[in-house]
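In what comes next, chain A is part of two complexes: it sits with chain B in the first one and with chain C in the second one.
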Partner chain A sequence: MITIEQIKTALTENVTNINIEAIPLDGRLRDYGIDSLDYFSIINELQSLTGVEVPDEDIDQLISIDAIYTYFQERSK
Partner chain B sequence: MKFSYRPYQPGDETAINELYHAVTGYTRSAEQHAWQWLRTPGGESEMWLIEAMQDDGQKKLIGHHGIMALEFTYKGIPVRVGKTENTMVLPDFREKILYPRYEKIFLSQYEHKFHALFSTIGPTAAIRLRNAMGYEAKHHWQNIYIGKEPYTSLTMLSNMVSNRLGKPSSCSIKDLPINLLIGNTKIEAYAGNEALSAFDFDSFWKEISHNYPLTPARTKKSISWRYWENPYRQHITLIMNDEILGVAVCILSLRRQGRGFVEDIYCDNISNLSRFLEIASAWAKKALNINLLEFSITTDTIKYFPQTNIVKHQHWIHQLAGKFNPQKENLMPRKITNLGKELLLDIENDWFVSPYFFEGR
Partner chain C sequence: MKIRAIASHIPSNAIDNLEQGAKFGESADFIENKIGALRLSRLEPNEDTSDIAVKAVNALIAQSGLSKDSIEALVVVTQNGDGSNLPHTSARVHAKLDLGKNVAVFDISLGCSGYVYGLQILKGFMQVSGMRNAVLVTADPYSKIIDMDDRVTSLLFGDAATATWLSDEGQWQLSPALMRSDGSGASAIAVDNGKLKMNGRQVFNFAAMTIPPHINELLNQESLVETDIDLYCLHQGSAAILDTISKRFPDVKDRFVLDMKQQGNTISSSIPLVLEKAIRQDQVKRILICGFGVGLSWASMILTNGEI
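Now for the complex of A and B:
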């Protein structure tokens, strides 16, 4: 099972120059400057952590910390 | 929406060119595409396509990544080097796919076919992406300006003003003087591929290439492709012969009024490159009234062009021009593949590469 803290840690470790704590849980990550390469690193790390593979067709669901949490939570069961 | 990827197949040109136009705004013909991608001197280039399955079951091209296959040599040894080009995703799909995931897959498919990979110039996002793919971006592009004051400064100033007013036309290369003597150097100038019948490029490169670090091969095939078959720009070839300095080849393109670009220069004694650059500048002034020649090279090979021989940026006009057109910090990302490591290639090998300008930009 994944936690919000683990997602925030993945964000902090893979994204520079952005204050992750300032992003609300339902805030759209792209609006805070998270780009495709950041997403790639974060998703890779969360995939390794949870064993859940994220196909491309699901990428546009992962818009916020909350959405990422829900996505991995549902598939880790 | 489902996505898939595949390598290029004949017939994809139209869709690739449409994607290119949608992303860049530039139009490219099938012939221009063929020159740039199918007839590259290192053999057919790598083109990888990302497609989205639409509701009607049809696939739509939404992304592309390419590596142009080039012929290089390292101390005379032929090596195959790839240049990244046309990495593009339709804006509507940039948040729907993880593009780096695809490039990582593509890289694993083509990396073993090349000794080294590089990008000439890229925005910050592209540099970050290349870094994530194992490239290293630590060498900067540096511009060298060659000419005599006050003409060079006035030309920079007039170009700066005309840049703001609109793009001026290029100089004409009609009535090109064929032979000129600059000091003790005899210079023959040729438009287009006329130089081919006057000079044995293959033998010259075979004789001197061992003096050069990692650099594009100047074989007849490579030079013809890069310059004389280039559908976007006309080039002038100078064959310079000097009893003391030796022989040099310099290739120029004409840009704005009073300004030219040194696309390439090489000679039998690498320590004379700088001197030949000055002679080329004197020729350009005398033959075409070009006041300013510009040349770009990376920080690792700038040493072949000592600062004493180039225009210094101390004049107030240069400083003013610099304020209006600040030079971006352009990096050249490089990656040595396992094949290249077997030849002991290194990103620090003094890459003697001038920028590859394509697509008329």
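Now for the complex of A and C:
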């Protein structure tokens, strides 16, 4: 099972120059400067952590920390 | 067989990658720090693959003292050769350099892993043929196949050529290469209807997941630890992928070379371009090179200065 803290850690480790704590859980990550290559790194790390594979077509669903949490929670069951 | 010298040719013609990025709404920070290239070099008008290959070989001859008469083999790594790829581009290069008929020439069809494969192939070829001097050329101008309206590929690739002199009297010894393939991922980077298509995420994941353990496997094979390597000269895919891979080696992260700002990702030329500078540094005694991409194909090798 994934936790919000693990998602924030993945964000912190893979994104520089952005204060992750300032991003609300439901805030659109793109609006806070998370770009497409950041997404690759973050999702790659969360895939390794959870064993859940994220197909390309699902990437657009992962718009916020909350959305990432829900996505991985549902598929980790 | 050892590497004796490396030279290169980067066309002065180029496109401004900040302007290209702005077309797609990408920030200057993204272009500089994630893509890693402010400028993408381009063939001059009316210039073809063999032309930049010849310029790289001529630079090698001028800089190293290599004599044309001593060249016994000339190999070109490319997947975007002159015309329709028939005849092989190395034959065009052979003619333009006016080399003798006793020279073996052939092409190797590989992308970003091509330089490492090329070194291994040419080293073995020279040994079984009793050759003393040969030239490995890389020249794979992706500008021929890039759709400038494609956000994924148009911000990344630049044109360049390199020439490496392999000789029995060289200074840099080559370890046996570690070579791997996964054809099930072949469609991740492929040409469709004459234009390059790339699944950026698939390629990124492949490199991020595959290359760190691959590097560790090579270090184990050579009974070395990561701190024994002075420089890690990996394929310059993008700043982001190099950052992701190097993070897996925190103790030596600063030994991973990033140098693609002025030309972009130049496919099989990217490793020899950084190597050309690396082997000139007196304090550098051992270098790990690693190429990865089209195929999917990846390969790595350790170069050791003969003095140690």
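Of note:
The rule we apply is simple: the second predicted complex is superposed on the first by the 77 of 77 C-alpha atoms of A that agree within 3 Å, B and C clash if a C-alpha of one lies under 4 Å from a C-alpha of the other, contacts with A are read in each partner's own complex, and residues count from 1 in each chain.
The rule we apply is simple: contacts are C-beta pairs under 8 Å (C-beta built on N, C-alpha and C of every residue); 3 or more make two chains touch, one makes a residue touch a chain.
For clarity, every value in this text was computed on a predicted model and none was experimentally measured.
In this superposed model built on chain A, chain B and chain C take up the same space, so to speak, and clash.
In the superposition on chain A, A:R30 contacts chain B only, with no contact to chain C.
Of the two partner chains placed by the overlay, neither chain B nor chain C lies in contact with A:N19. Once the two complexes are laid over each other on the shared chain, residue contacts for A:D56 go to chain B and to chain C alike. In the three-chain model built by superposing on chain A, chain C overlaps with chain B at stretch 203-211, while the rest of 185-193, 203-211, 275-283 or 311-319 show no clash. Across the superposed pair, chain B and chain C both touch chain A at residues 35-37, 40-41, 56, 59. Residues 1-3, 94-101, 125, 128-129, 132 of chain B are the ones that touch chain A when the two sit in their complex. Those residues of chain A whose C-beta lies close enough to touch chain B in the complex are 30, 35-37, 39-41, 43, 56-57, 59-60. Contacts from chain A toward chain C in the complex involve residues 13-14, 35-38, 40-41, 44, 47-48, 56, 59.
Those residues of chain C lying in contact with chain A across their complex are 26, 30, 34, 199-202, 204-205, 208-209, 238, 240, 244, 247.
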